[in-house]
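Questions regarding the structure given below will be posed in turn.
Here the chain labels run A, B and C in written order, and each chain numbers its own residues starting at 1.
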């Protein structure tokens, strides 16, 4: 059996692992936020979820949409759309032997931008707060993709 | 050229690869389920998809939503929201040298919880079946994230 | 510190890294497309996004849905649903020591199919263009999953 811990002794890879775990945990928190607003506002998508709040027609009135719940769901989907590319491109970038400080700068900017994006979306802060957070995370991912393709293109 | 097969001789990594492939295949099955219900119930989201079922105004009546189709789509999105963190955190956790039996327990619980979640969502089973399946998978992912950050934090 | 660049000297892995970076960049482009259509058609999901286009009740009229915007969003979600399994299964497949030319054939077909899927969705081209592109990408991912499970199953 091979000792894989050597991969985890690489500092860039360890940094990638730490920042990725943090940002994925943040993304998972969005599920809890959705559940919280669904329960406190009694807004459900499935008939079986309303049963505790009434019977028959009385329960059906909770099958509705709500601005706050939809807002959290949009923020969650936006996270998915942006964190999935970071996950794939960031992993490959980390393995391509980048400079440690450059790599950490990328990871920190991305994680900071996505956390700020969530704050700006859920508060909500006036634009262009959310737009700038979005484009910062987007730019960081593209910067990693560019460096990866420049140094390792193999088609 | 380097022989990468040594990575695949690591038992934790092989187990991660097997369980991940199974749960991602299950997730892909949701696309087929959506297509199946769209075709059998004649419920479409795009005008070009209805052409085979009629012409002009006659076809447009199939541009509608349907409870069953929306249910499958919500189950699919919930899969995405939970399997993406498992993919990222599980990969890094597998590389961090965990105990084999602990790691396999995590993978089995997650895969079992997500399969049960789909069954509970599509049947549908009464709550809290789906909620418990969701929180079990959620807890497993957080447990891996916690172990990863505890042993390998590098910010 | 370990030199990880040896992983990137593996030709299959380099090819996977290149094709993955390309298809994830394409997926990220969908966000820009959504933003473009939202701004040019003045169709928004959040009140704070409309402020630049009017005040009070005048701004609220831009909180609406639009066929073109919804089409881009569906294409984006379909990308997510299909690229995530490719990312996970493709990575593990690349590490399982496949034949170089077989692996590259898989990657090329998948990337080509997903790009064609986007073109077919956004134009839109008549069916079954989009359906065929979808099933080609789907089949490629299943083919990799099958090879992976056949050679490396460890449960």
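Points worth noting:
Quick note on the criterion: contacts are C-beta pairs under 8 Å (C-beta built on N, C-alpha and C of every residue); 3 or more make two chains touch, one makes a residue touch a chain.
If you want to know which protein each chain is, UniProt gives these names: A, B, C = Microsomal glutathione S-transferase 1.
Since we're looking at a predicted model, the values are computed, not measured.
Rounded to a multiple of 5, the Cα-based rotation taking chain A onto chain B is 120 degrees. In a homomeric contact, the two copies may use the same or different surfaces; for chain B and chain C, under half of the interface residue numbers are shared, pointing to different surfaces.
Computed centre separation for the pair chain B/chain C is 16 angstrom, with centres defined by C-alpha atoms. Looking at chain B, one finds that residues 7, 11, 77, 80, 84, 87, 91 touch two or more other chains.
The touching residues of chain A, when paired with chain B in their complex, are 1-5, 7-8, 11, 14-15, 17-22, 24-25, 27-28, 30-31, 45-49, 51-52, 76-77, 80, 83-84, 87, 91. Chain A makes touch with chain C in their complex at residues 6-7, 9-13, 70-71, 74, 77, 80-82, 84-85, 87-89, 91-92, 94-97, 121, 124-127, 130, 134, 138, 141-142, 145, 148-149, 152-155.
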